[in-house]
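Each chain gets a letter, A, B, C, D, E and F, in the order it is written, and its residues are counted from 1.
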């Protein structure tokens, strides 16, 4: 299957199409909207399911196999803001706090993008390391911490106000709801193993892809409403939101292959590097770097990078992984 | 299986019984109620699932087969208000706006009634055209537009106020949330086809009948609270709510058989004609014909016609279809 | 499998681990929380599913088999407050209204504890009477009525205020949402039988264990927030919350075996006796005995007895049932 | 047509969700012709009342009423609700359109 | 820096959720710079409006505005909403910080 | 028993849901003994804040407090919240029962 065929195949599957439906409905100002509680409930379901399945896979694979990729993933998440920040600050001429906040979003990861990628691999029958969601879990927080440090270093002195202390940021990065759920469910999956997964498979496995499709409908609606913000964001940020994922995707794929991941696993690591957070990072940045404009980072990650990744990006990273793995 | 047996069989299945439970709980003033978000979430789920499955079925059947029934269904939906309106206006002595609003409700359709009918056919092993939900999707809007035109034509001049312009009504009829979801999911199902349906079947197919049962519990609760309104509505509307579905059901079945639908498919077309909207139409009418009393139309469609259809109506339309199809 | 092994096995399954995750997250003051609508929706789902399955099992077993256990269970539920009340009043030195309220909580039952117990039996391949959830349904209300009577008898005269009349309490005990749903679904299951259960099994059966796990996450969060209240409650109540379930569990198991239940069924009856209500009883007591402090009863039942039962209690009652049933 | 507002009282009560029906009945008995109910969570003397389990949640109920009805509601709330439920009440002066409704 | 509050009007409208968008547009046309919308259920002359199906629910919309804007909103609501929707309105005097926003 | 209401201040703040905990802490430090929190969405200078993703939603927080506490809250909100969060505040005069609670 060549790249074009893979892209077509990926686009004509339920998840990206429901995202497109949401985008269109928002653009046409339809009154379609999902209740807030459904949005949070689907998020909770997806994170718990991803974590649980990953934990059960870690138990099967053994910790001896998993530690190296996990360590590498953590380092990647912390490192990405270090080069993304100067790009935004000096090429994009963003204020320090905005540059730091956007950099943190792009170092952190998107669980939904990851999930679309696993669906893509499953549909094209490409095997991948079952424990890959451990990489997802580990990559959420480091970038957030680094982003906050970058922002604080450059912030002038002055009354920081309540909630902006480093301790509170650490708390938000490590005890924020998405991290707690993902890591908690991972541990539970690890402790229960395969037999536990079987018990709850009728809920956490069988309906998963369909729930994801419904969630993407909602994300499309949210992204559609953000499209207006993009005009204010300017062309630099739009280019950034498309190009930087390709760079990060290539880096992730290459490093993944280097440390011995399968092409499927390397595709997933590339996708994680390429993806940008829109759940954990926005909340943490809003509290830690109040001067940063949340509209910019959310528009970039949700209305540009996310659709790019789920439509073209994932097949592209997979293509890279296939080419670079054949000797 | 004769008619009585079919009715008994239909009544002793989960969906109608949960509806009855809701009715009884509301009548007994129990504090049982479903959270608002659950109601909207179930609606969204049902519409997305119905649309998706129908779209996949259209792809299998081919557009060449589907166009005629779809066209006929659209015409039926637009035509029904044309005779229902004078009945209400001159026999029932309703004011023009109420007559127009109720006529629109009865020309439009109820997705849940349709779904109970497909369940009935499945349980009695009667085959039907898989693409039938395309008929459901097409029949929502035409009646609403015709109803609004009927109401506006007879409305005296005067300040229409914001939101009552024809453009806004068109928008509500074509971009209202139920139409967008149903048509959007239909398109997605059509593009993804059977392989797409398999991916999301664990969510959109396997739990479907159970979700429907839970939704009917809620509808029963809502209908139960509407029962009080019925007394105000008077005996004419009650008789109307029982007799008009039988007439429309017969018309739908006969026309369905004429254009070559299977007895199962004709049963579904009959059910659609007989059913009355309580999701899309009420919202559109409230905005377009503010003088119409929403209590009347909602009580008739939800507290009379809906229970009649899901208990006695569906087996009856099926019986018609069986008799009239045997040569 | 000996007791320790059974406990380990029970603890390392998804439901108790998700409860522990919730407890920890609440203790660490994470911002993880489930939307209110999800909590109510999961409750509704669990009660409807439990009732439906139980009803279908009653139909299979036949009413002739079921009546005796049901009668015994009702008597047990009414009797438990009769001895629990003096223990709390005279040993624990609680005011009359608090003693009555707590006694009612412990005579009534916890549907979730029951469900964890059925999961435990299924995982350890111990058969049990399918109609056992009829016992759950019957045991909710009697204790509430007895508890209210105990509280009212000792209450001084005075203005009772609206809502505290015996009629309103009866209404709350018999028409409260959990009773209506459980009993209603039981009846529906009974009417539909096995064929009905098959239709809705993809919703009410397959995802059940997983939904339960998610619900326990929420319960853990709620219980975690209640832990603070425990300090105010004092050591007597903590001891009570651990010891009284063991006593009631033993009584339930012994009586269950006596009336001819299988060891699995006796385990379930023991679990029901040992469990304390935190859905039906709190609401009823708040209305009927306003002087009783709701914090005490809810902290005891949700933050002590519930975790004790789902971790250690259930394997213990099962061990009792196994030992006492072998001649 | 000019919109001239009429003086009226707004009585706001925040209390346990369980007391909702009692409160509405009580106010109707005092002469209130309507009520608006919103969900709420809260902190107060009886601790935190998070909204996640309904039993623990608050409701916030508003009555727009005449001064006489307001006085009656205050008295009944003080007598019937305060001793039994976690509850607070405040009252303020507002102006309404369509005085006849209240 | 001392926080000195400025007098302003608070206009609160409770109406059918369906009228939400019309109301917001209308108020913007009258000069309101913002609005706060909360979910609500209610009882009134047109019966109970339970929140469980959105079509039947109410919204509670608040506008903090200058007295002139308030007068304009009252007039438009009386003319455009009252005849068509179940709806009530009240107005009161409040003090705000940052007068420039309103 | 007659219900005689006492004058008090009602401070209402609408702000990003993220600022909820900071705001409650801040008000407690100023002397507020309680608070009522309702969900809200809104439109204002910083654009629309739809309620569907919690990060974007507003909360509406009410404090019934003494005039002195109100002044302190206003100052702290002006200093600590206004520069950092989308936020508005208004204050009005109310009368309460059970003055001792506030």
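Heads up, the rule we're going with is that contacts are C-beta pairs under 8 Å (C-beta built on N, C-alpha and C of every residue); 3 or more make two chains touch, one makes a residue touch a chain.
This one's a predicted model, so the numbers in the text were calculated from it and none came from an experiment.
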Query - subunit B to subunit F, fewest steps along touching chains - result: 2
Query raised in the report: Looking at CA centres, what chain is most distant from subunit B?
Result: F
Requested in this report: Return the chain pair with more inter-chain C-beta contacts, choosing between A-F and A-B.
Outcome: A-B
Query raised in the report: Where the centre means the average of the CA atoms, what chain is farthest from subunit A?
Result: D
Report summary line: The distance between the C-alpha centres of subunit C and subunit F, rounded to whole Å, is 40
**Report entry** Separation of subunit A from subunit D, taking each centre as the mean of its C-alpha atoms, in whole Å
**Finding:** 46
Report task. Report, in whole Å, the distance between the mean C-alpha point of subunit B and the mean C-alpha point of subunit E. Result -> 35
**Report entry** Touching two or more other chains - residues of subunit B
**Finding:** 33-37, 40-41, 206-207
Query raised in the report: Considering subunit E alone, which of its residues make contact with at least two other chains?
Result: 38-39, 79, 92
Query raised in the report: So which chains end up touching which?
Result: A-B, A-C, A-F, B-C, B-E, C-D, D-E, D-F, E-F
Query - subunit C contact footprint on subunit A (complex, rising order) - result: 35-37, 40-41, 44-45, 48, 52, 172, 175-177, 180-181, 184-185, 187-188, 191-192, 196, 199-204, 206-207
Query raised in the report: Taking the complex as given, what residues does subunit F use to touch subunit E?
Result: 12, 14, 38-45, 58, 60, 71, 74-75, 77-79, 82, 88-92
**Report entry** Residue ranges of subunit D in contact with subunit E within the complex
**Finding:** 1-3, 5, 8, 10, 24, 33-39, 64, 92-98, 101
Requested in this report: In the complex, go through subunit A and note every residue touching subunit F.
Outcome: 33-36, 39-40, 159, 161-164, 218, 221-222, 225, 229, 279, 282-283, 286-287, 290, 295
Query - Complex contact set, residues of subunit D against subunit C - result: 16, 18, 21-22, 25-26, 39, 47-48, 50-55, 57, 79-80, 83-85
